[in-house]
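Notes for the one structure printed next.
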Amino acid sequence: MIKVGIVGGTGYTGVELLRLLAAHPEVQLTAITSRKEDGMPVADMFPSLRGRVALAFSTPEKAKLNECDVVFFATPHGVAMAQAQELTAAGVKIIDLAADFRLQDIAEFEKWYGMPHSCPDLLKEAVYGLPEVNREKIKSARIIGLPGCYPTSMQLGFAPLLAQGQPLVNESALIADCKSGVSGAGRKAEVHTLLAEASDNFKAYGVKGHRHLPETVQGLQAIAGRKIGLTFVPHLVPMIRGIHSTLYASILPEARNTDFQALYEQHFEGEPFVDVMPFGSHPETRSVRASNMLRIALHRPGGGDLLVILVVEDNLVKGAAGQGVQCMNILFGLDERTGLMHIPVMP
Amino acid sequence: MIKVGIVGGTGYTGVELLRLLAAHPEVQLTAITSRKEDGMPVADMFPSLRGRVALAFSTPEKAKLNECDVVFFATPHGVAMAQAQELTAAGVKIIDLAADFRLQDIAEFEKWYGMPHSCPDLLKEAVYGLPEVNREKIKSARIIGLPGCYPTSMQLGFAPLLAQGQPLVNESALIADCKSGVSGAGRKAEVHTLLAEASDNFKAYGVKGHRHLPETVQGLQAIAGRKIGLTFVPHLVPMIRGIHSTLYASILPEARNTDFQALYEQHFEGEPFVDVMPFGSHPETRSVRASNMLRIALHRPGGGDLLVILVVEDNLVKGAAGQGVQCMNILFGLDERTGLMHIPVMP
Amino acid sequence: MIKVGIVGGTGYTGVELLRLLAAHPEVQLTAITSRKEDGMPVADMFPSLRGRVALAFSTPEKAKLNECDVVFFATPHGVAMAQAQELTAAGVKIIDLAADFRLQDIAEFEKWYGMPHSCPDLLKEAVYGLPEVNREKIKSARIIGLPGCYPTSMQLGFAPLLAQGQPLVNESALIADCKSGVSGAGRKAEVHTLLAEASDNFKAYGVKGHRHLPETVQGLQAIAGRKIGLTFVPHLVPMIRGIHSTLYASILPEARNTDFQALYEQHFEGEPFVDVMPFGSHPETRSVRASNMLRIALHRPGGGDLLVILVVEDNLVKGAAGQGVQCMNILFGLDERTGLMHIPVMP
Amino acid sequence: MIKVGIVGGTGYTGVELLRLLAAHPEVQLTAITSRKEDGMPVADMFPSLRGRVALAFSTPEKAKLNECDVVFFATPHGVAMAQAQELTAAGVKIIDLAADFRLQDIAEFEKWYGMPHSCPDLLKEAVYGLPEVNREKIKSARIIGLPGCYPTSMQLGFAPLLAQGQPLVNESALIADCKSGVSGAGRKAEVHTLLAEASDNFKAYGVKGHRHLPETVQGLQAIAGRKIGLTFVPHLVPMIRGIHSTLYASILPEARNTDFQALYEQHFEGEPFVDVMPFGSHPETRSVRASNMLRIALHRPGGGDLLVILVVEDNLVKGAAGQGVQCMNILFGLDERTGLMHIPVMP
C-alpha cells in the first residue's frame, strides 16, 4: 500500500482527492493537514465522506508527512515549494496541484504569481504531470507539478497538431475559447462566484491575461519544438464541474488534405483517458462528469480551412485530482487506470 | 418629487431598491452611501444600472441624508437604529429593510440579534411595514420596520385564517415549511452560498431556530389577537430569487365546512399585490419574479382536515425592496402601485 | 457472474442501472432492449458510457431475456406485468423499477395508474423491494416491485417511529413535505421540465393527490401494523438529482421523553445504506449524490412536541437503480454492498 | 393607440411580447391567436400575466387580424409568409419574429429552412429589422423580418469594423464563438433542453452549420459592402436567458494603430440600446437580463493583433421581442425607447 498524505484538504481539489484516494485499492490515506481545522474529522466538513474517510485534519507538525510515500499538495500557490526540500530529502514524492512547479521560467512564475520562487533547484528537476505527453519522465520524477485545468484541455486538444514535424496549422495564431464551471475558482468565499451572482449568467473574464496562458504556451512549445502563439479567452459557466474548450486553428494551405481525424486517433491510440470521438461530434461536459476522461471531437465547418477542436474534461478530475492520481499510479508502477475507472455520472 | 436617500446600496436589497426607485416617476434619488465605496459610481458596481443611475456612492457625511424626505436602510442589522434619532429629528422618514424596528420585544431582539437595542423609544413608535395588515398606521409613521422576506409570506398566508373572531384551525400547531432562493442570504462572500456549494443541492437550515420565527409569531399574534404556535423550517433552493412557503394548518372540527377560498378572496379583495389563485392551483415562484406580487393558493388534500396554503413571492421585491417602495407610496400619499407595476419576468 | 437484462434502458433509471451494473464485479450485462433504438449502441445515446458498455439496444425478441438470471424493468408502468408471466416461468427473476408490483390493492393500482392489472396472481407473491424493511422476503422473491423515489425516503424516515409497539406520534396526521430534483420526472420530452421552465423556479405539484401516496401509506401501515394518515406534498426543485423529505410528526404526550435519536440509531444499526446523522444536523442532497446512501437527521424545534425528520437520498440511486442493485445483491446472496460503494460526488 | 395582434403567443417570444406590449403606453392589445388554445385566457397559460393581460387566445378566424395596425408573428417558420399577402393588402404592418423574411436569397432560405418560400414578391420589399443598421428603411416598411438572436449580437458586434471604407481586419476569417441560454431553443417539449439534460452541462451544437450563419453573413456583407467569411460556433449554456458572443478578428497590419474603442463609441453614439463599455470590460449576460440593452466590450489580449469583441444581449428582448417593439416604435413614429426602458433585473 502506498502511504499518502494530503496537505490542504479543505478545497475542492482536496475533497476530490479524498473521494478518489479513499476508494483506491493500493492507497492508505495516512494524513491530511489543515492548520485551521486541526482535530476536525474530515467527514464533519464533508458529510459525503461519512463512513468512508475516518481521518481527521491535523497540523503539519503532527501529520508526519516525512513518513509518507507521496504527498499531494492541494494548497494555494506557494505552499508546496516551501516544504519540497524537506520532503524530497526524506525520500517523499511530491505531487503539487498548485502552480509552484509548472512554469520552468522563474521570471514568468514570479510575474504571474506575484511571489519569488523559493526552490529554483528543485523546480529544474520537476516534471510537468501531463501523462499523455510526459509519461516517461513522470515514472522517475521526485516532484510533479500538475497542469492547471484549462491547460490540460488546451494542450491535449492541440497536441496532435503540433507534434508533427511540419506545421499543419498557423501555429502563431491559435485561439482557445474556454468555458469552465465555477468549481474551478475554488472553495473560497468570494462574491463573484456566489450562486446569486454566477447562476443564470455568463461572462468572459481575465481576457487581458490569465495565469494559465504562459503555462499552456510553455507546454505547447515543448510539444511542437517550435514557438507558438496563443490567444486564451476563459469564460465562467453557471455549472459546478466541467471545462469545454473550443479551439481554433487555421489549416495551412499545404496541409489542407490532411486526415485530421486519423491524426488524432493515432496520436491518442491506447490512451486510457483520452477519447477521440467520431468526426463532427459535440462532446458534452456531463459526459465526463466525475470521471478522469477527456473527450475530443474535430470539426471543419463548411469544409473550410478552420479546424475547430472541441475538448471536454472534468476540471476537478482530469483537470486536477484525477490527473494527480494518474501520475501517482505511473510513479509507483501501477496500472495507470487503478482507482480511476469511475463511469461518468449522467444525468 | 420625493427626495430619497439609500444607506448601504451594495447588497441585493440595495440594488433592487435602485432598480425600482430609478424608474419611479415620483422619486428623485438623492444620495446613496457606502463608506467603503466612496466615490465609485453605482453603475460601476452594478453595470445593469449603466445609463440609468448616475449617482456615486458617498460617505454618510457627504450624503446629507438630513435633507432627504425619506431614507431607506439596506444595511446590516444595527445601522438604522444608530442613525434614527438624528434623522427623525430632522423630519426625515425612515424605512428600514433590516431588523432594527421589527421586534417590539427588546429582549427578543437582543436574544436573536445579539446586540443591545440603541433606541427603544423610537422602536415603540415604529410601524411594522406590512401594508396588507398595517396600512393605516403606515400612513402616519415616522419609522417603518419592513418585514423579513419569510415573515411576509407566512403572515399573509395565514392572515385570513387568524383574522377571524373564532379560531378556524389549531392555532397552536401551525407549520411553515419555507423554501428560499439564495439571494435571501445577501451579497456576502460566504462558502455555503457559492454556486459550487448551493447549486444542484437542497437542504434545510436553521431548523433549531431562525430570526424570522419570533417576528412572524409577533405578527400572527397581532393579527389573531390570540397566542399562536408556529414551527418554521426554512430551506435553501438552488435559485436566485423567490420564496415558496408551504403552510399547514389543522382545520378545527367546527370549521370543517368553512369556505376557505371565499374567506381568502374576501380578505384580500382590492389588494393590489396579493393574488388569491383558484382553489387547487400551484403557484410558481417565477410567476412573481422581479415583481411586487404575492400569490396564494389553497388545497385540502384528499378533502381532509389539513389546510395547505401555498404562497409565493419574490424575496427581493415583495419580501424587501418592493414592500419598502409600497410603504413609501402610502407614506407620501401616492397610489400604492406607483412604480411597482412591473410584469413578472417569465421565463 | 449474474446474467442481467434490462428492459427499457433509454430513461434515467435505465442509464443509471447501466452505470452501476457496468462496474459491478459480479454482473455480466447480457441484453438491453428498446424497440425504437434497435441496433443502436448504448454508448451512442449515452456518451458517458463510451468504452464502458459495448452493448447495443435490441428488440425484446432478439434479446433472449429468458436466458438471463434477472431482468430489470426500467420502463413505463404496465410493461413489466405484461412480460412477468413468461419470464418467471423461465426461472428469471424480475426487478421492476416501475409501479406494476408496488400496490397490493388492485383497485388502488387501477385507480392511480389508470390501467387494469394484468397479472394479479404474480402481484400477490411480489415483494416490495425496500431492503431495510423487507430484507428476508427479498431473499427468496421471484418478483420485486421497487419502491418509488419519494416513498423510499418517507418510509425510511418514518419507519423507526412506527415500528414500535405503542404509537409515539399522532399517526393519523403525518405530514411529508418533499422536494425532488427534476430527473424524477424522467427523460421525457415535456414542457414543464425544460430548463427554461423549471430552472430558477420552485413550485409544489400534485397536492391534490400523487401516486406515491397510496404506496407510502401501504408501506407505513405494514411497518406500523396500524392505520396511519399521511399528507404528502411534493415540490419540484431546480436541480438534477436528489430528494429532500421534511417529515413532521406530533409527539404524543406520553412519548415526550422518548430518546428519538437513540431510537433511530438502534433501528438502523448495521444498515449499510442508512446514515443517522447527529441530532440537529441538516443533511444536504449533494451529500448522497450519485451514491446509494440515504441520510436522516432529527430535530425538535424549540424543544417542543413536533418531531421534524430530514431525509435525503439520490432519487436515481437509493430511490431507484441503486435500490434495485441492492435487492439483486440480496437475491443472489452477495454482500449487499457489492458494486454500490460509490463515494458521493461533491461538489 | 396602436392596435396590435399577435399570432402564436404560446412560446417564449410570444409571452415576452405580451410582457412588453401589455405595459406599452401606446399599445392596445387586440388579439392573440392560437388555434390549439382557442378560448383559453392567456393568463391561465402564463400566470405571470394574471391581472395584467385580459385577452384569451382565439383562432385566427375570430381574431380579425385585418383590423389591427400591426401584427407580430411569434410562430414557427412558414406561418408569417402564408398570411402576409392578405394582411399587407389590408394595410396591416407585419413584424415577423421567425425567419420568413430574413434571407433575401430564396435558394438559401429553402436550403436552410427546408420549405419553399410562398411569397417571394413580398420578401423583396421586406426590411431586415435591425434598427442600428436599417433605421431609415424600417420607418416605411410594410413587412419587417426580425433578425435572429445570435445574428443580432454578431452583426452589432462586427458592424463598426466592417462599416469602414477600408478593411481593418481579415474579413475573410471572422470567428464568432457564441453562447446562448436555453430559452433560445423555444418552449418546445424536447429531451435535450430538459433541465436534467441541459443543466450542469455545457456543449457546442450545430458546428457543422446553423441557420443563423447565412443570415449573419448576408447582414455583415450588407454592412461591409464586401464579401466576408465567418465561422460560427454556437454553444448551449445552462441558463434561461442571455447570449454572450465572443468575436475574433485579426487586425490587418495597416490597421494596427486604429483606436478601435473610439471607432465603436462613435459608431454607436446616440444609440439608445447599444452600450459600448470601457475598453477591457467583461460584460455579463445578467447585466441586460429582461431588458432591450446590448453591451459590447473590446479587448486586445497581450496588446496583439487579435481583436476580441465581447457582446451580450437578452436573446428574448434585444434578440427577439424587444427588437420587435423597437421596430414597431420606429414604424409608428414613436420615441424608439417607448415601453422599452426596463432596467435589467439583477441579480
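Going by the order they are written in, the chains are A, B, C and D; count residues from 1 in each one.
Please note the rule applied: contacts are C-beta pairs under 8 Å (C-beta built on N, C-alpha and C of every residue); 3 or more make two chains touch, one makes a residue touch a chain.
Everything quoted here is computed from the prediction, not taken from an experiment.
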Mutual neighbours - chains that touch subunit A and subunit B alike: C, D
Most remote chain, CA-based centroid, reference being subunit C: D
Winner on C-beta contact pairs when B-D is weighed against A-D: A-D
Inter-centroid spacing, subunit D versus subunit A (mean Cα positions, whole Å): 39
Subunit C and subunit D: spacing of chain centres that average the CA atoms, whole Å: 45
Centre-to-centre distance between subunit D and subunit B (centres being mean Cα positions), rounded to whole Å: 37
Junction residues of subunit B - those touching two or more other chains: 12, 181, 183, 187, 196-197, 199-200, 238-241, 283-284, 286, 289, 347
Subunit D contact footprint on subunit B (complex, rising order): 12, 15, 19, 22-23, 46-52, 183, 187, 199-200, 240-241, 275, 277, 281, 283-284, 286-291, 295, 341-347
Residue ranges of subunit C in contact with subunit D within the complex: 12, 181-183, 185, 187-191, 193-200, 238-240
Subunit A residues touching subunit D - in the complex, by the definition given at the top: 173, 175, 177, 179, 181, 196-197, 199-205, 207-209, 229, 231-233, 235, 237-242, 244, 246, 248, 250, 280, 282-286, 289, 299, 301-302, 304, 306, 308, 310, 312, 347
